[in-house]
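Dropping the structures in below, format is structure tokens.
Next come two complexes, and both contain subunit A; in the first it sits with subunit B, in the second with subunit C.
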Partner chain A sequence: MTFNDLLSLGPLLNIAGASVLAMLLVAIWRNHRLVYYFTVLAYLLALMSVVPVARLLPHEIPPLVVIDLFALFNSGAIVGSGLIIVLLSYNYFEEREERKEEYYLLLLLATAGALVLVISRHFMSLFLGLEMLSISLYGLIAYLRARERSDEAGIKYLILAALSSAFLLFGMALVYGFTGHMDFPGIGAYLRETETLPVSVIAGFGLMLIGIGFKLGVVPFHMWAPDIYEGAPLPVTAFVATISKGGVLVLLIRFYQDVNGKEYTMLWWIMAIIAVISMFAGNWLALTQQNIKRLLAYSSIAHLGYLLVGFLSGAQSGLEAIAFYLVAYFVTSIGAFGVLIVMSSSVQDAETVEDYRGLFWRYPWVALVFTVMLLSLAGIPLTAGFIGKFYIVMAGVDGERWFLLIMLVINSVIGLYYYIRIIAMMFRTSETPLRTYIKPALPLAGNITLGLLVVVLIGLGVYPTRMMQLIQEMMTLIK
Partner chain B sequence: MDLTFYIAAAIAVFSTVMVVTRFNIMHALLYLIVSLLSVAVIFYLYGAPFMAALEIIIYAGAIMVLIIFFVMMLNLGPETARQEKEWLRPGMWLLPALLCAVLLGELVYLIAQSKTPVTGITPVPPKEVGRSLFGPYILAVELSALLLMAGIVGAYHLGRQKKKILHRFFESNAS
Partner chain C sequence: MILLYIILIPVLGALLSWLTAARNTALCRWIALCSLLLDLGIVTAIWLGNGAAENGWLYHLQAPWIPQFGISLHLAMDGLSLVMLALTFFLGALAVLISWREITTKTGFFHFNLLFVITGIAGVFLTMDLFLFYFFWEVMLIPMYFLIGIWGHERREYAAYKFFIFTQAGGLLMLLSILALYFVHASNTGVYTFNYFELLNTPMERTLAMWLMLGFLVAFLVKLPAVPFHTWLPDAHTEAPTAGSVVLAGLLLKTGAYGILRFVLPLFPAASQEFAPWAMLLGVAGILYGGQLAFAQPDFKRLIAYTSVSHMGFVLLGAFAFNELAYQGVVMQMITHGISTGALFMLAGVLYERIHTRELSRMGGLWPVLPGMGTVTMIFVMASLGLPGLGNFIAEFLVLLGSWQANRLLTVLAALGLVVATVYSLRIMQKVFFGQTERQYTLPDLGLREWLIMAPLVLVILWLGVYPQPVLKTVTPNTENESVKQKAESKKPTAGNLFAPNSFQHKKQPL
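On to the complex of A and B.
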């Protein structure tokens, strides 16, 4: 490995190295605050190490990884989101009874897994990254052992993730068996030479799609989502909803590009069906949901459907739209879960819609933040969510995918209903004011982080040009 | 050589079927070992003796011993076997079995498609494996280390128990 190789892996090396150092630190002196500061520092360093990589691009370390602007951009997004999740976690875990330090170790490792995913272009690094991510998540999801439902969520995720990994592996074995390549460009080159796709390669792609679909949580592989969102600790839920799904989606895009997925109409149709039913199922199931965690789970299923629409548009602008939407979705989801985190007391998570009745009159600041986040999820103008959806619709128009667009618009309207329902609940005065406030005081760090997220969200919504320029630049490079 | 492959493959399939149909978990484990061994034979046939050895050492050796210890600690007996038998009614497994049969048919069709016979096998000695692992794939080796670390940290956290739970054997003796 040359110096440039190491430099280009900077974010990954920082996070991975920090996880080892943090383990040693915990072994020597177990202290929550110390390991928390250490983790924050590690994420900050990783975020800074993104910058010097920019002049090396595109850098390849054959055969496993490639670091281009697309990978770097998403690495930055992942590390940034990880940092925000860590900032929100401290108070949440400080109030809980389990040992806190291992959480940071596992979070660092899971982030490293996601970072591997976004730079990988080989089945081996794909699988290793995916497994690093899921194995850390087994521990993270069941982290609060003493709480009800946490074991259930952990076991469910363990079994389903292991099963989906088996599908993925079998699919990769089939593809490798017939094409003789494990690196994406190699597979692409092989497929270009054959005029008809061998059945086994199609079967392999199908099996891989099951594995990937599970991780993305799209219908019909979405069954785990609500239970795991409900049972996992809130910061972990935020992680699953954003970094885990985002990393896998980036990988899917890279794979699809490298094997020229556009040319295979069957693959397109399968994904189109998945996108449409994901949007409908997610939104319908969320309509009458009383538990906000489950509601956000269904909403994230629907959002993945929207993302797939941009992906399927086939236009160049589709990929730009996805990159933008992903950032907006990261910010919005972490913000929404952040509100849940700061509102949760040490006894219970603030998870029912009823907990938010009259929130505006008690905590106007938090209620405003939550309103902005929900509006962004719904895609109301002046928020990043609106711009993201706007770009996706534009991409759909470019690709002339009218059917998918109509579905997207119908679903946006359905989605509006349940987001507005929560907002209305927050502004309602409660008739029975003596329902004990779930939380007496709000943590300062959490509030500052939420403020930051709101600024980013509105900033992207009002002035998206700079961000979009960056994304366009990046997309011309990966062509 | 073809014949040896078919025999090994047949044993692998048969023993794996036996694994899932046994009521007694220890019997199932024995079949599982047979199945892993036959897979090792297949690896050997196709010029990867090192992989065959690894398959035996790691799977048939280490992991099996772990599973057997685990099963012994769980202390399962005829009671569990009877329970399993009650669960396994035809109504329960008929449809899944049918679906699996369809999948199997698909697989057979896929395999029948490849017309070129497997020729020109290049043996892969351990040296080659080591060279590629610590040459171009060094990153993968390091990532596997991180993967194991994630597993260990997670297991350490989840495995810590505050409440002391006695084994059934000790419990009945104490009372």
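On to the complex of A and C.
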């Protein structure tokens, strides 16, 4: 390994190293605050180590990984989101759990897994990253052992993730067995040469799609999402919703590009069907949901459907749209869960819609942040979510996917209903409290983080030019 | 730059009034009022300065915003925009005044929303970039949603939802059309742009043009509202607070009409021609159906809301008649309907403050108690039914004159709408001010503030009825270079000189 190899892996090495150090730190002196600061520092260093890599692009370390602008951009997004999640975590765990230090260890490991995913272009590194991510998540999801739904969520995720990994492995084995390649470009080259694909390779792709679909939480592999969202600790839910799904989606895009997926109409149709039913099922199930965590779980299923529409548009702008939408979605989701985190007290999570009744008149700041986040999820102007949705619709029109677009429009309108429902609840004026309100913790650090997210969200919504330039540069490279 | 200031002043006012409200609610109201009056002053100054004389575009502002997509901050003002802006700030200022006593809770947030809606509306009237247009189109929804949902009457949340979802659905279809137009233009010329002036005259296939036109039209028909899409309107108007109803009826509906005049007709001239009979039919259906429903309403505000459906039918009828007379009638109708319906909603609000009901059956015999209010209501009821001498008459007369040339049968049916209007309008007077007194009221008549609101409205509606020339002249230059170009070359008289002195020789109509 040369120095440049090491340098280009900077973010990953930072996070991975930090997880080892954090483990030692916990063994020597168990102190929540110390581990917290250490983790924040590790994320900051990892974020900074993204910068020098930019000069080396594109850098390949054959056969496992490639670090191009696309990978680097997503690494940055993952580390940045991880940092924000850590910032929001401290108070949440401080008041809940006795042994809270290992949480940071697991979070670092899971982040490292996601970082491996976005730079991998080989089945081995893919599986390595995916398992690192999943196994850390087993622990993270069931972290608050004392809570009743925590175990259920953990076990559910364990079984289903293991099952989906098995599908993925079997699929990869089939593909390898018949193509003789485990690296994406190699598989792509093989596919280009063969006229008719052997059935086993098609079956292999199908099985892999099941595995990936599970991690993305798209219909019909979505059953785990609401339970895990509900049972997991809130910062972990934010992690699952953003980094875990984002990392896998990035991987899917890279694989699709490398094997020239758009030439296979059957693959396109399967994904189109998945996209449409994800949008409908997600939005439909969210409509009458009373639990905000479950509602956000369903809404994220729908959002993955929107992302797939951009993906399936076939236009170059589709990939740009996904990258932009993903950033907007990261910021928005973390913001929304951040609101839930700061609103939750040590006694209970603020998770039912009813908990937010009249919030605006009691805690205007938090309610405003939540409103902005929900409007961004709904795709209303002045927010990043609007530009993201606009970008996706634009890609769809460019690729002339009218059917998918009409579905997207219908779903946007359905989606509007339940976002507005929460907003309406926050602005409802009830002078007589029907029930005792939860007493939110409202930690200072959490509020500052939320403020930052709002600024980013509105900044991207009003002046997206810089971000678009960056994304366009990056996408011309992986074409 | 002046155009940017026009938009920024209410934004600034919105933020300031929200911030000050915590300390001093009176100051917050004054800030809101002053910012709107300032804008009204600017617009009036522009109008008096060069509005009537100038041909074409008065001001222009273009700055890059998202250059990758060809999106720019592109504002421009012509006669039509100017007139609509004047109406916007005029009614906006009155809306602040009318809520002076009515809104006592969360005053700061109320004025923030009110001013933000008005910003969005002003933006819609000024922007010449389709992306920016969609942006403003959506921006006005959220604050309006809050206005209805927080300060409204009993069923406010239902109404607010319905309003939001209807308009959003229409808006998204328009977004698809905008984007399709963008790509069609790019594939023809290689230039990716949302610039309105460049997108004009984009050549495209007949069926494609029809679909894109329908995409735009749906958004505008929902806002207008035309008959199959009107069901959000009675709920939203009825449940909204008075200022909300005024802004909805007076201004928000006009954005739909404006959209048709500014975008649908010029962007897709051939497709709109082809669709014109259907659009006119929808207009006539709106006139008659809206009028009939208005007559049957037991609720004062709901009744006025349905009259809006009826009056907006004339706009649709005139807009698709494709001639200058009708076009000018449409613009007049937009303004006079804004004023007369706005005034009626204000009167309903003022009355509600006094007797705390909107039920017509519980009113009656109020004339002796409230003679001042009765007189003012009488004026606007007469305006609403189209009495000559008041603005609405000019508007409807011009629309009918114009549409006669386009489609006689529909015009005859639309003219029947005037009879319907008389019936429902007189019913207002009868039920509220005449007839049996149900109980003995001792109520204060209009106070100073209320007179200050009503007097300008009365003056304006009279002015428009007697001397509409300035308005017609201001909007006329536009007509020549826009929507009715194809047909305007014929020697048909324009309303501009129909009402001008010494132009009676033009009155010979080619009927």
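The criterion applied here is as follows: the second predicted complex is superposed on the first by the 473 of 479 C-alpha atoms of A that agree within 3 Å, B and C clash if a C-alpha of one lies under 4 Å from a C-alpha of the other, contacts with A are read in each partner's own complex, and residues count from 1 in each chain.
In the analysis below, a contact is a pair of C-beta atoms (placed from the backbone, for glycine too) under 8 Å apart; a residue touches a chain by one contact, two chains touch by 3 or more.
Bear in mind the structure is a predicted one, so any value in this text is a computation, not a measurement.
S.K.: In the overlaid three-chain picture, which partner chain does A:S412 touch, first (subunit B) or second (subunit C), both, or neither?
M.R.: second
S.K.: Look at A:N14 in the shared chain and tell me whether it touches subunit B only, subunit C only, both, or neither; answer first, second, both or neither.
M.R.: Neither partner.
S.K.: Give one of first, second, both or neither to describe whether A:L105 is in contact with subunit B, with subunit C, with both, or with none.
M.R.: first
S.K.: Who contacts more of subunit A, subunit B or subunit C?
M.R.: B
S.K.: Mind working out whether A:Y138 is in touch with subunit B, subunit C, both or neither, as first, second, both or neither?
M.R.: A:Y138: touches subunit B, not subunit C.
S.K.: Just which bits of subunit A does subunit B share with subunit C as contact spots?
M.R.: Shared contact residues on subunit A (touching subunit B in one complex, subunit C in the other): none at all.
S.K.: Note which residues of subunit A are touching subunit B in the complex, please.
M.R.: Within the complex, subunit A touches subunit B at residues 1, 16, 19-20, 23, 61-65, 98-99, 102, 105-106, 109-110, 112-113, 116, 124-125, 128-129, 131-132, 135-136, 138-140, 142-143, 145, 154, 178, 198-200, 203.
S.K.: How about subunit A: which of its residues touch subunit C in the complex?
M.R.: 361, 375, 380-382, 386, 390, 393-394, 397-398, 405-406, 409, 412-413, 416-417, 420, 424, 427-429, 463-465, 468-469, 472
S.K.: List the residues on subunit C that touch subunit A in their complex, please.
M.R.: Interface residues on subunit C, with respect to subunit A: 65-69, 105-106, 131, 134-135, 138-139, 141-142, 145-146, 149-150, 157, 160-161, 164-165, 168-169, 172-173, 175-176, 179-180, 182-183.
S.K.: Mind listing the subunit B positions that touch subunit A in their complex?
M.R.: So the residues of subunit B touching subunit A come out as 106, 109-110, 113-114, 136-140, 143-144, 146-147, 149-151, 153-158, 160.
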